[in-house]
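Right, one structure below, let's go through it.
Chain nomenclature is as follows: A, B and C, assigned in order of appearance, with residue numbering initiated at 1 for each chain independently.
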Amino acid sequence: MIKQRLFAQKVNFSLLKIAAWINGAALAIIVYFILSRGWRAISWEFLTKPPTDSMTAGGILPCIVGTFLLCLVTILIALPIGVASAIYLNEYAVQGRLVRLIRLGINNLAGVPSIVFGLFGLAFFCIVLKMGVSALAGGLTLGIMTLPVIIGASEEALKSVPQTYREASLAMGATQWQTIYKVVLPAAFPGIITGSILGLSRAAGETAPIMYTGAVFFTPDLPGSIFDEVMALPYHIYVLATAGTEIEQTRHLQYGTALVLIALVFGMNLTAIILRSRLRKKVRT
Amino acid sequence: MEIKMHTRGLDFFYGDFQALYNISIDFGINRVTALIGPSGCGKSTYLRCLNRMNDLIPGIKVAGEVKLDDSEIYDPSLDVVTLRRRVGMVFQKPNPFPKSIFENIAYGLRVNGVKDKSKITQVVEKSLKQAAIWDEVKDRLNESALGLSGGQQQRLCIARALAVDPEVLLMDEPASALDPIATQKIEELITELSSKLTIIIVTHNMQQAARVSDRTAFFYMGKLIEVNDTDTLFTKPDLKQTEDYITGRFG
Amino acid sequence: MRRQDIDKGVQSVFLLVALFSITALSLIMVFLFLEGIPIFETVSVKDFVFGKYWYPTDEPADFGIMPLILGSVYVTLLAGMIAIPLGIMTAIYLAEIASPRVAEIVKPIVELLASMPSVVIGFFGMVVVAPFLQKLFDIPVGLNMFNASLMLAFMAVPTICSISEDAIFSVPTALKEASFALGATHNETIIRVIIPASLSGICTAVILGLSRAIGETMVVLMAAGGAAMLPTSIFDPVRPLPASIAAEMAEAPFGSEHYHALFAIGVVLFVFTFGFNLIADYISHKFRQVGEASL
């Protein structure tokens, strides 16, 4: 009887273990294909030259610059609003209907499909606010999409600041804002940065929100400012793979661009993961 | 006895739960008053009413009178920030900020608008000396306060509280997390400080109350059972309940 | 100005900023409806939602999105059949069985999978999985419902896994110990105590995972095949809602019927995910585990 039960346990645990490693296998397979077929495309030229010959040769510099510009606008809008929202929710707000409403807003914003953000950005930023298709409109769209991630991460970081810090500061006659600004925020800063990197990495890889708000197939020159339309890494992959002039002949460019994109995104993620695990160890000691 | 602070008929509620019933105590100027009683008796809650630290908890309600000198501290027109500068607090566990030793002490001055550097340096030194920790830290003022021992951290926190020149100092079991030697230092410090400050200390250690305080108040189940001169309370208490507690025959 | 007054001002500013999220969400709704509703001057709501033909550029045009809705629903359900067991099993493994060292490796893997840009997964489905499926099952096109579902599943797994794991992790130790003390094996404890106790969290995880899958765009745009017809097998190409919007917006002139129809699809999609989120929100609040008593 007990043997049977332990045997069932062994079988079940093996199944669970297999399930867990299927994820690893999926990640490994995807990364393997992108890496093995993409690395040959990578060269100094690829990273520093614009595309040539109707995008069948040359590099991806404008896409890198464009993605950078989009991320810049994203973080400039999402970080201050996100951190301020988290401060309100965690430091000032009294539980009640208003807070419940704000949280409902954040949760639902997090669930809005990326293409719907794109539709909204098109109708609101590009048309109503007359920004046109630009890094600004695309970045703002991505910024709103990233907001819930940054609010969540910042709140978690604020929660991990010991309550005694706040009490000690208030007990000395500091105002609440002085307490937040001088004691709470510095202590929560690493956590907030980690969360922001994660949020930004997601924005960098998104395609649907920028398709009709910020990114275009091709620009002859590098963007001059955030008011220009831009090329972007994720959109470039989509364009080359589905609507390029020579889809089969430019496979290596597609793989190369994909490799650059996941290197960028994974790089940001690994930085954040490592930062966070260091942080946790520090907290423990 | 000249009164620095007092409460009259103080009731305190967490939501529907009444934590304090009708507490009236006078705190003499430049005296040490100890609040004793078993854990959960409301002594810490009472202490936190005196600088409105309980305001941080949602859903609380306070009724009755709490006066500092002649002003009611729960008067809506009274500014809680100014109140907390005048009524300092030292917490149960040492809680230095993750900043340098110097910045920990300077913090209170900075938030209260002092900008003059030489003044700050001067006050930091004076406060650390008052808290009897100057000799131990004077060569490493720029190092993190988190590198100090527990006893040193607590004296640092006392110095930090002294830097803004409070009139009353509330201490919530300031030595409960410390070893006996560090405890002794804190107790000596309390006695010394009492020449300039009104001190109210919560402790569960009756010997400590007997050693450091002039007056002692005994709390039980949210009620004030007895308050008297420390010598009297510990030698011939008025009530049987108090006697049972101080002789250890209790709960 | 006294610093106490500054403090009050600062607090009001923070409140205003905190209202930004709900404002943004409202604006999104307003603009979707504003741009979507005009299509109902041309076609009734009923014909729009239940119409079987989607030929938005024909003369006269057909605006029936049933094939798109079914495309989305089928793809999401199929993805769910893969992602739900995989995600929950991984969560149980991480929370209950894996040693801290193994968990330290598997967790980042799941997180990296979550951070994989959707366009890369769609690309992978297109150039690697599609030819593979074509050969394996001897089918005419590799870009189909099954391919898209498979890719979507791997995008939903991290969501399902991480939220379930939190739920499993927060089951009180006292419950586990009680079960062990009665002579149950770890396996039996997981099945009979831990999973029931964390069920509401797991349900929330599943709903949010499916919500993410139904709204995902690039994967279905690139790997689902894009045919706006009612599928008859899992190897038929489909055109889910987000793929339609993304593929056609470029050709739809601003202010045209087609343009408004695409926004109306956006409304439908928004309603789907909004509904999912409200349900998840309701479950996680209503059945929030309070100590051991809720089992």
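The definition used in the following text is that a residue touches a chain if its C-beta (ideal position, glycine included) is under 8 Å from a C-beta of that chain, and two chains touch if they have at least 3 such contacts.
On a predicted model such as this, the values are computed, not experimentally measured, just so you know.
The touch graph of the protein chains shown is complete. The chain pair A-B and the chain pair A-C differ in C-beta contact count, and the higher one is A-C. Ranked by how close its C-alpha mean sits to the mean of all protein C-alpha atoms, the top chain is A. For the pair chain B and chain C, the distance between mean C-alpha positions equals 54 Å. Centre-to-centre separation of chain A and chain B, using mean CA positions: 47 Å. Centre to centre, using the average C-alpha position, chain A and chain C are separated by 17 Å. Multi-chain contact residues of chain A (touching two or more other chains): 175, 178.
Counting partner chains per residue, chain C has residues 3-4, 7 touching two or more of them.
Counting partner chains per residue, chain B shows two or more touched chains at residues 81-82, 111.
Against chain B, in their complex, chain C makes its touches with residues 3-4, 7. Interface residues of chain A facing chain C in the complex, by the touch rule stated above, are 5-6, 8-9, 12-13, 15-17, 19-24, 26-27, 30, 33-34, 80-81, 84-85, 87-89, 92-93, 101-102, 104-120, 122-124, 127-128, 144, 147-148, 151, 175-178, 198, 201-202, 204-208, 211-212, 234-235, 237-238, 241-242, 251, 254, 258, 261-262, 265-266, 269-270, 273, 277. On the side of chain B, the complex with chain A involves touching residues 51, 53, 56, 58, 81-86, 88-89, 91, 93, 95-98, 107-108, 110-112, 157, 160-161, 163-164.
Across the complex, chain C is touched by residues 79, 81-82, 111, 113 of chain B.
Residues 94-95, 162, 164-175, 178, 182-183, 186-187 of chain A are the ones that touch chain B when the two sit in their complex.
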